[in-house]
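These are the structures, in structure tokens.
You will see subunit A twice below: alongside subunit B first, and alongside subunit C after that.
Coming up: the complex of A and B.
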């Protein structure tokens, strides 16, 4: 019988949002339209229009060894071309940001190929070949996985995910890489590592509280989604823990 | 699991002091307007000190305006003060780095410079092999001699160099025994009086455990163990013990029986505070990585001073353990730098872990009728998986909800590793105290970690992916290389060897399983008695209070060199 992913337990809205974000059969909702050029500017790995720097010659020119794995796994476009591996890193506010570190990793693992995500409490990084990254980054920024105020694109000094919000509703960022402007749009004035940009890059208006509460993937009593209320989720974790305790990683019941 | 009412919030005072004039339940705050590091009196002091140093040595040093992130100094948000939990003392975060805190240094110095040495083996050699009489009088004479010799004075040879008493005044030897009559005959200055220092029931257990044996607690000079290492302690001690026996009992300095005394003092009869580590970690005995959690729980004496509050006793172990294992062991021996301090301090500042743990106490009393303020083995709950899951789930959910309801508390513990350690510790301590079972407590810890990770979709740094997500599978295992009972686990236990924010709490989980039962010790009655000694420089019954004294610069350490250096 073919494996059918369940994308996690739970009866709550948070659990449902998590499943929908992970499930590649559910289309991510496109909310904004940050251009290719602007995504490249925010990431700061290359100048827009610049050729992709390479780490090795294109695979076609390399003389690949006769390898059964290579026959099974088709290379991504970036791998084919020999692109460098680069990254985008996000900081997600615990105050109802739409995606959260482990959730991001699960989403990326289900939806994208050739990636290497890393998950911490205050940030989540995904690394892959540069041209593949730019496509993935567009999805991560332009859809319901992102909010201009509660999600930060931050390569270093990511501090802010657990802090109170600034008076204008923006997540704290010591480097203030992006600012909420008078027109209501959030604009990046520095790239993800904190280098000032020559032009401001708009990433749209912050989503409202109602949307954030309905689309978040974090349980939070003040955010309207108490963890305690999702009994199925709690029971599932207890069950996993009990099985691992009793049987290690070979659970039997 | 079901939430219980608890009106008291032990962390509120700290939050209000840390964020003065602000609503501690608000989700909004003012940022970017604090004048960077200049908002902190301590960092201003650093800057002033730096100016003087740079003038004197001609080499640049502390310069946060230039060197922090290319000109953006830290302090774009409020740099908080911290209340050392359970003390009411507010300190600067910087003052809790062990370099800036003499009490923290002395805490570790006092452990590293200590060995416990059996006297029975030496007495048998003296009596049976050499025909010497051993009486309370001769033991007292020996103790006079060894207290002369141990700091570094000569007892046998002529024309010897010696150490200055004022540089080694922290060095001494005391004895203890389970034989009341013998104890009565030992000069009080040399005796650790178990019956006086411990509550009656604990004293009886300890006296029975020690029996007729006699042990000497040796504390070599702080300056010696600092200049050398922990492995020196037993060597320095054994050399001076051997010479003192020769002097006190008028032995021949070269006779073969001396080798028996040396062997007893160096090997057969010596209790190290920790075992040596494998070559890849390359540390001798009496270094932090080899301290068994059960032994560490015995070093801390809060259960002796507060026998009716196992939660407080455990929280003192958390404070002491996170300081030693996170700040000094992992943070400096094994790594380096300053980042580790704030992993550790989260567990012993602002009464946050205290509040979560006392919630656990209320819960186990309410649901399981555990009379935790009257520790005894009789009302402990059977440590079934269901009980562990129930207690850990409720305590964890409560902690997460508190963080959510008080955004300033979330901001206080701004890193996921901080919150993970604190939440899991509260679960582990509550489970341990309820069941009297250290491995059940560890199992509660790991359920907390899984629950935390799923609830907030985040946990700690990368290391947590290993240790805490596979911990369920080893917390009740005692198979070699996979597990052990909690008392015999330690900082170098395979899965524990890399992760900050865990080891001190594990030691407390182990200790609390015994504190909850009213046991007199967790693993070693000898270590329990040794660190009850009020003559030690550091008061092991109040580690958090001592660290606070260190932070406000009121703690007087040992090993100072001012006598032999130019006056400033």
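Coming up: the complex of A and C.
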């Protein structure tokens, strides 16, 4: 019988959202339309329109060794062309951001190929070949994994995920890379490492509280989704904890 | 040594304040009599990027501005999140609460009484700063900082 992933336990809305984000059969909801050029500007790895710098010659030219694994695994477009490895990093507010670092890593591992995610408490980085990255970044920004106010694209100086929000609802950012403009749209004025951009890059309007509450993947009393309300999730975590504590790396009941 | 008998309060708004709101709030609070010391706490927003790839470049933050409080200009180095106040006695606390209610209308805040500033040096303080001559600033700022406290004349 083929393995059918369950993605995660839980009967709550949060658990459901987590499963929906992870399950590649569920299409991510497209909410905004940030262009390729905008994504390139925000990431700041190359100028828009510039050719992709390479780290090695294209695979077709450099001649591959005779390797059974290379015959099984088809290279991604970026790997084929010999692109550099570049990154995008997100900081997600604990106050009902639509995705969270661990969740992001699960989502990306289920949905994308050729990636190397790194998970930390307040930020999550994903590395891959540059042209693949741009496609992935566009998916991550344009869909329901992103909110302009509660999620920040931050390559460095990421502090802010666990802090209170500013008066206008934006997550704290020491470098203030994005600003909520008078027209209600959030615009990036600096790229992800904090270098000022020549033009502002709009990433759409922040989602409202109701949407955030319904689409969040974090349990948080203040966010309206307390963890204790999901008995199944607690039972599952307690079971894992108990097995790990009692049996270490040889779990059995 | 800071006297331990003075009452202290802590105001924590549910959101970080913009310089405009911080200015309004401070002007409302400082119009009351009997305030000895006040500290504005919050995450720092430096003028120069201190680390990372953009290190050393000016940190352009659209919101940043100097605020005018009781005729003195204050350069905000943080995004105001918490206000600690030391009072001469507990009598102005209801008035301060009222001032907060007047300005912080869009979100809730808490006002607590307790001890929030250092009353004596800790061993770590000695290790970091040595003997601090001006003990009034203990627990308020880094004694080695070159910026000095702003002294407001008060309204007595």
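We adopt the following convention: the second predicted complex is superposed on the first by the 252 of 253 C-alpha atoms of A that agree within 3 Å, B and C clash if a C-alpha of one lies under 4 Å from a C-alpha of the other, contacts with A are read in each partner's own complex, and residues count from 1 in each chain.
To be clear about the criterion, a residue touches a chain if its C-beta (ideal position, glycine included) is under 8 Å from a C-beta of that chain, and two chains touch if they have at least 3 such contacts.
Note that the coordinates shown come from a computational prediction; the quantities given were computed from them, not determined experimentally.
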Problem set entry | Combined model on subunit A where subunit B meets subunit C, clash or fit | clash
Exercise. Regarding the shared-chain residue A:179, is it in contact with subunit B (first), subunit C (second), both, or neither?
Worked result: second
For this session: Considering only the touch criterion stated at the top, classify A:119 as touching first (subunit B), second (subunit C), both, or neither.
Result: first
Exercise. When the two structures are overlaid on chain A, which partner does A:238 contact: first (subunit B), second (subunit C), both, or neither?
Worked result: first
For this session: Could you look at A:221 and tell me whether it touches subunit B, subunit C, both or neither (first, second, both, neither)?
Result: first
For this session: For A:157, decide between first (touching subunit B), second (touching subunit C), both and neither.
Result: both
For this session: Name the contact category of A:194: first (subunit B only), second (subunit C only), both, or neither.
Result: both
Seminar exercise, completed: Of the two partners subunit B and subunit C, more of subunit A gets touched by chain B
Problem set entry | Touching partner for A:75 - first (subunit B), second (subunit C), both, neither | neither
For this session: Give one of first, second, both or neither to describe whether A:165 is in contact with subunit B, with subunit C, with both, or with none.
Result: both
Problem set entry | Residue range of subunit B overlapping subunit C upon superposition on chain A, of 96-104, 186-194, 294-302 or 312-320 | 96-104
Problem set entry | Shared subunit A surface residues [contacts with subunit B and with subunit C] | 157, 159, 163-167, 172, 174-176, 194
Seminar exercise, completed: Touching subunit B in the complex, subunit A uses residues 18, 94-95, 100-103, 118-122, 157, 159, 161-167, 169, 172, 174-176, 194, 217-223, 226-228, 233-234, 237-238, 240-242, 244-246, 248-249
Seminar exercise, completed: Touching subunit C in the complex, subunit A uses residues 155-157, 159-160, 163-168, 172, 174-176, 179, 189-190, 193-196
Problem set entry | Sites on subunit B touched by subunit A in the complex | 1, 3, 26-32, 69-70, 72, 74, 76-77, 385, 389, 393, 397, 400-401, 404-405, 407-408, 410-411, 413-417, 419-420, 443, 446-447, 450-451, 453-462, 465, 470, 472-473, 475-477
Exercise. Which of the residues in subunit C end up touching subunit A in this complex?
Worked result: 13-18, 21, 43-46, 49, 51-54, 57, 59-63, 79, 81, 106-107
